[in-house]
Amino acid sequence: MSFLDRITEGWRKNRKPGYYEDFDYHWAMTIDLDQCSGCGACVTACQAENNLPIVGEDAFTKGREIKWLRIEHYWEGEYPDVKLNVIPMMCQHCDSAPCETVCPVSATYHNQDGLNTQIYNRCIGTRSCAVYCPYEVRYFNYNDHTWESPLDQQLNPDVSVREKGVMEKCTFCIQRIRQAKDNAKDDGRRRVRDGEVQPACVQTCPSKAMVFGDRNDPQSQVSQSLNDPRSYKVLDELNTNSSVVYLKKVEAEG
Amino acid sequence: MPNIDRRDFIKLVGAGGVGVGAGVVLRESIKHPKEHLIPHVLAPEDYSSGVATWYNSVCSMCSAGCGISVRTREGRAKKIEGNPSHAVNQGGLCAVGQAGLQVLYNPDRLTGPLLQSANRGSDGFTQITWEDGLTRVASRLDVLRAAGRGNRIALLTRGVGGHLAELLESFAEGVGTDQLHHYDYDHPHALYAANERFFGKQHLPYYDLSNTRHLLSFGADYLAGWLSPVHHSLGFANSRHGGDNRGYFVQIEPRMSPSGAAADEWVPAKPGTEGILALGLAHHIVASGHYEGEDINEWKDVLSAYTLEKVAEETDVSESVLRRLAESFANASPSLAIGGDGAGNNSNGVDTLVAINALNYLAGNVGEVGGVIFNPDPAGATSHSRQANYQTLAQLAESARAGEIDVLILNDVNPVFTMPLASEFKAALAQIPFIVSLSSFIDETSALADVILPSHTYLESWGDAFPEQGVGFSIGAVSQPVIAPLYNTKATGDIVLDLARRIGKPMRWDSTEDCIKDGWNKIYQESDSNTRTESFESFWTALLKAGVWGKKNHLKTDTSRPNANTIASIGVDAPTFSGDAELYPFVLQPYRSGMHDGRAANLPWIQELPDAMTSVVYGSWVEINPKTAKDLGLTEGDLVDIESVEGAVRAPILVYPAIRPDVIAMPIGQGHTNYGRYASNRGANPLEILSPLVDDNSGNVASNATRVKIVATGKHVEIVKTGGKSRDLGRDIVQTTGGDDHTAQTNSIPITVIPT
Amino acid sequence: MNVSIQPALKSLQTAALIAVVAVVGIFVGYFIDFLITDNPEVSAPEQPIAFSHKIHAGDNEIPCQYCHTEARRSPSAGVPSVNKCMGCHNEVATESPLIRQVSEYWENKEPIPWVKVHDLPDFVHFTHKRHVQAGIACQTCHGPVETMDKISVHSRNNDGPTLLASTTGEIMNSETSAVAATQNDHWEMGLCLNCHKQHDVVDGKAVRVDDGGFDNGLDCWTCHK
Amino acid sequence: MKNFVVGLFGDPESALAAAGSIQTADLGTPELMSPVPMEGVEEVLGEKKSVIKRFSLFGAIFGGISGFLLAAITAVLYAHPTGGRPIITFPPYLIITYELTILFGIVFTVIGFFVSARLPNGLWTAWWKQDENRPYVPEAAVNKFAVSVTCTSNESVQQAEAILRTAGAEEVRDVTEEN
Amino acid sequence: MHGEPNQLKYTDIHNDVVRSIVETGPNYYIALVTAFALTLICFFFPWFYQLYYGIGAAGMNHPSVWGTYLASFIFWIGLSHSGTLLSCVLHITNSSWRKAMYRSAEAMTLFSLVVAAIMVMVHVGRPWFIHWAAPYPNQMEMWPNFRSPLLFDVMAITTYLTGSTIFIYMGSIPDFAAVRDRTRGWRNTMYSLMSLGWRGTDTEWHRLHWAYTFLAVLIIPLAVSVHSIVSWDFAMSIVPALHQTIFAPYFVVGAIYSGTAGIVTVMFVLRKFMDFGQYITELHFDNLGKLLLVLSLLWTYINVVEVFTGFYSGASGETEALNYRLFGFYAPLYWEMITFCAIAPLLCAFKSFRTSFVPMLVLSIAINIGMYTERFLIVATSLSRQYLPDAWGLYVPSAVEISILLGTFALFTTLFLLFVKVFPSVSMYEVKETMESPKKSPPAASEGSPA
């Protein structure tokens, strides 16, 4: 393939603004806020799966925790008519992600699975993506993190340990997606089955509030969940076109 | 070319040399270090480098008995997940369960037997061999046993379920003592007592949250700490999407717990008045004709005092709310009332829980789907009778003080931390001549031991579990080692077996594995044809593979009515509190947060897990109502002393929007003085200042019945929390809907079980 | 008076020469270090036992996957267990001093601490399984291992495509064969990228195509983690 | 033989007048050297044209095109979709285009300047033989205005010296080829 | 010597300027060594520590991932707009008062840009990979992302740095030639090379004039674009209070404003310590004072507009960000900025103020403190109050950051001190141009013929 051909080919394939809709998969997640109790199991699952560092109290005090998935708390009203609304907040894998365009070195971009990916070893640490992200779900390694031996033995070998100066964020557990695709290849299947991939948070959620799957597949559980009339996107007015969809909490009358 | 003289030449050579050196250094500095490939001597069958192997086991972080699947790579456990086949948790797992890996890999774990060579509690431990350690212990035991004074040996273990309990039982018998106590701070003694009184069964029933349409939870934090949180979460989620008829959840508690936050309605009744409230509802149900049983008149008699007006006054809940709750509870079918720590750990705790049982009975929820179901046969479940309540431990301390205990064997239990200071438990331990600990860590209690024989973690040893509250039917699971022991430790069962052999009372098993297998063989033999396979061996293999076994034999069995005496005994007194209400204006509610009873405080993931309600990490705090804070002139981070009659603890103020103004709350779990690098000297332990006020019906301390006062210290600290401002300022981040569009069915969760 | 800059340039020549020599020196030093440590003759790390791939894979034509059994089913190719070595060497060449070393390890039940030669950085995800199953010959990346007494860090493939004779058990024809990593190719991103660009996967086998270009695993997360 | 006769003047007007006389006397176009740019040179010695603007224009156009192509081609060579935008996104690429337009405009202007002013002095001798040696008087960098005449014969030297003196040169020097 | 310029002779200028280069007193060395030592201690040591430890050495945290480093970057880029832009504009408009000061103003541009570029290195997490932001062919076949506003920055700053360097150099060629004739040894070699063999012929002057004019024409839009692009680093995000169309003009005005104030400071220093009193006169301070007044009014206007739009938007995010800036944690800084940049410069309405040197120096420094605060507030207040209140945080610079901030000034001073010894810091030929040219006089021997 000649140089010129490669250019024309690239142009042909990618010129349309919506070309990402033709991607192989389009992973998406729904989170039912009516079922989420904010217990935090997903937070620890994420930390365990993705080698998130134990940053220590000092770093927490300075606001440098690394939580790819966090639970946000919003109180409503005053005592005694007070309510707490919780919402798990992680990378929304926006199709129109503000963070992607700003990275000068393409360390974050939209991949063929519709994921907003972060290539740690390409990152030079401008931190602009974290500024551009309205969900504030990008976390920066302010220093090298260590695991006191033998805690290092729990590190997931499928996920790299990020070094200082690198931005990181939720990947939808892309290593599991990759593993599932690998398994599908072994089985001679072309596609991953619905439910075959579950990010750590979805897998562990005690109240099964999270559903993950391919929204290109209309039969998938997540596609059906997306059609729920309760579905909404956080900060949808920013047109980020996110892939994480929340289902509204129900306020029932006694 | 310029003329190069000698000096120039030297310069050139110098420059070249420096350059070459710099080049070499440059390349060397960017090269990767060499690594080694360490092959096996003999390749294991189920091992392939780079490929994950999963082992099913049982979580032992609390007594809920969730099934886990542990992912291992290259012989190391990498991740704990819920076992999707296990009916209790169906793949879900709480944060503490996942942090079990850090029990295994904790840098503070003991790596071999230790001997206290200095004063007790001084951390003057020296390494000894197993042989040495076991001999020392065995000789002590042997002397006592041989002299027939085996009863001077006391065994205190954490709540051990399954066949390991049988093994310990057998050991106690062997050494000739009946002082075998299981101790868990969170064991629901009051609930057992109340169930025995009302249902005549000293068991935990199955609370079918999944199918209920209306849940009244009296201080039961069922989503976070009560009985089987993961299973309750499943039930909660299922009920919220059980079709058009979405479950309605009411939480009655003075301080909003995570379950209260998830509920549709939070009712901040006065602390300790939950039972009165329940009886008020019962009164309304009976009075308004919702209950039509034959014994209606007896009920009317006993409930006559609990009119809504009076109850409203006593509980500080308006009459209209009470009426509405009673109506909807009675009309919803099925409905369910549960009572947890908040209600049970009061001076009137058992009465309160009996009242809640009565409420269930009156609403027709007993034995019904979506109500309270007793497992017909809690197969293999451990008897509650060995569980030590506060009184038992106080007695143990008393005998220790009296010099009646010669040897104390501790197994992974930390009463020094969870017992109030007023019990003087720690001082009592000092009177015991010889203390052995089988703990994997040095904690406040095992620090007092003379010999520590560190046991395996649950991920390295055999065990099994039969969750008593179950899932509506009998279920059991085997806990198998998923990783070769990291250190020079032994399984608890093996230590006990070894000791038994050494004192000449060998048991009928060779090893823990043997014991577990033996137990399961019995289950296999007794089981019906559904679970029969070709042989026990194939059953065993299949069991280990699936990680769980169950028999779905739930029957609507127990609909028996409480007899007249039972009904007549119903009644809840006003709660009593220690401390003068004038001097000590606030009721302290110590509650269990993410740290469990404190045993998870040494797990960094749990320390770093923001609290479910306040998002605080690494530390303790005191929750007070905004109004109270304003009255006292306190703001977040002001360091205060919480003083009870018994003592004081120091922690910063956290203004908490959802707590009664006359109540303050503190999380349990922090305040360790000696529990490894992650837990030690962090926060405060509210259990220390509890008054030893005991509910005689359960024998347990009424932990919600201590009055305290707040004394400002004038100091200020920064509370470490992840959250910024917890108000959404009209930004619609968490959106809600009250309309009809919530009826769409999405995540209906079928309860499944895969019997082997 | 002359204002040309040439005299000034001339007077600077020595200084410039020194600077140039120093800069060239850095490159030379870098290259010398490269030659020393990367030369197959010199750079191959000393192994605990002087195992020769030449004898095993070359002279005796033992297929690679006879020992590296996991290459087909696992991301890592794996090293054979001591047991595996002893499987043959119970019978074969038992008296050789090298084999004696092996049997010593076996008798002590100790693993042999082989030094890792082919190492990828932590952020790289590479799976042998996919590549072996796609019919890529080991030598494509590892070089003519069957000619090496010692395995060297960077494979140099001096003989080109003829080395594609597969030791995986199947003979690769020119159609299915992957192109060999060319001479002096280091294990850098460009090496992987080139091959991925030039090949497509047809029925699970890598096939050289001329119009592939974009689809075959060019996503960064194919190889990064 | 090539001689330069240089007259030094204390003021620009005299120097300009002298230069005009030299040119009228058919002694070739003299070179003026001054510490500041002199006004009115073009009236006396004829209009000067420079190729700099062509260089600038070419540079700008070249820079613009290469800027856009750089952005566009590198984007399609290894496509990394970002923000759901098309791979060739005009608004940002126009900014790159703009910047490179200016960058190359500047660089080519400088090249144009060097070429047209034959600087650096001494590097262009290969192409402009007559530039091999050019006269210079250091005073011209301070406060003197110099007129330099290139003479190829003794007569012209004398003639030029005469004209310069007449015009009021403070000093007249013969700057002979130094080899 | 302190007469009016038109009483000076060409030789005076020549001698004064050359003296400033070749004659170096001990004070200069003391100043240079001090500045260099401060640079090492305050800038490079903390930076190396940060390289070793990670960005955690600074005070940045989760919501506020940008901090003083970026504020310093904008500040220095802003300061750079003093010189070249002003110089170009004044060159095109033929303002003769520019000529005595533009060389040092351009030098300010250059060194500000250098410092700003270094601040980028300080700012990023892995500066050892910063070359990945440059388009060059590599085995990874990776190219930078040209869609990124940060890459616009890279391109713009590269261009601006190139342009400014060339511009200051081109303007200095005749002066290098003049200095060349007065120096010997290695200096002569250096100036010979730097002057490129300039002879001052009519053709050379002509070419220089055109080239210089073209450069000026090219650089004016470039300079405007540079700070617009810097503003887009922020404005292209959707952070409340940053996502604003007014940001580009806001930044450009702010940049010229702080740059002009910077020139006043440098003018004062040159006047005071380099004995250039006769070239840098009240006239310059007067004109710069007027410029400052105009710019301060413009700047105030844009600030008022910003406050108004924020207030008028009614969007929770915008109003909260505005509220926070005006009355929140950083409010004292905000009001300090308003005092220094909007109120204090009104003094420039009085000619007596404009023409007094010390008050102008104080004002110029105050304005730049205010402008630094502005940049800091842009970063700090917006990032700590974004869309999700639960992710709000607070950012306080660490000691390392403050030290590095101070170090940048030392670095700048060091570079500038080196500059005044290499470059003629007042443009000789252009100052000569502003004088009346010598009149016809009787022939006389040339005075003080240089070597």
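Labels A, B, C, D and E are assigned to the chains in the order they are written; within every chain, residues are numbered from 1.
The rule we apply is simple: a residue touches a chain if its C-beta (ideal position, glycine included) is under 8 Å from a C-beta of that chain, and two chains touch if they have at least 3 such contacts.
Only a predicted model underlies this, so the values are computations on that prediction, with no experimental measurement involved.
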In contact with chain A as well as chain B, sorted by label, we have C, E
Computed over C-alpha atoms, the centroid farthest from that of chain C is that of chain D
Chains linked by the largest number of contacting C-beta pairs: A-B
Comparing each chain's Cα average against the average over all protein Cα atoms, the nearest is chain A
Chain separated most widely from chain A, comparing mean CA positions: D
With chain centres taken as the means of their Cα atoms, state the distance from chain B to chain E in Å. 63
Where the CA atoms of chain C average out and where those of chain D average out, how many Å apart are those spots? 58
Could you put a whole-Å number on the gap between the CA centroids of chain D and chain E? 30
Could you work out how far the Cα centre of chain A sits from that of chain E, in whole Å? 42
Would you give the residues of chain E that are in contact with at least 2 other chains, written as numbers and ranges? 63, 141-145, 147-149, 151, 177, 193, 196-199, 387-391, 393
Each of the following residues of chain B touches two or more other chains, namely 50, 615, 723, 726-728, 731, 733
In chain A, which residues are in touch with two or more of the other chains? 6, 9-10, 13, 65, 70, 72-74, 98, 101, 103, 106, 109, 122, 235
Following the definition at the start, I'd like every touching pair of chains, please. A-B, A-C, A-D, A-E, B-C, B-E, C-D, C-E, D-E
Provide the residue numbers of chain B that touch chain C in the complex, in ascending order. 1-2, 4, 8, 11-12, 15-28, 31-32, 34-43, 48-51
In the complex, chain D residues that touch chain C: 78-80, 120-123, 125, 133-138, 175, 178
Chain A residues touching chain C - in the complex, by the definition given at the top: 1, 5-6, 9-10, 13, 109, 111-113, 115, 117, 119-122, 158-161, 174-175, 178, 182, 185, 188
Touching residues of chain B toward chain A in the complex: what are they? 50, 73-74, 76-82, 89-95, 97-99, 101-102, 104-107, 223-224, 229-230, 233-234, 236-237, 240-241, 246, 248, 250, 256, 258-259, 261-262, 264-266, 268, 324-325, 328, 486, 594, 604-610, 612-615, 617-619, 625-627, 657-661, 677, 682, 718, 720, 722-723, 726-728, 731, 733-738, 741-742, 744, 746-747, 749
Residues of chain D defined as touching chain A within the complex: 73, 75-77, 79-88, 92
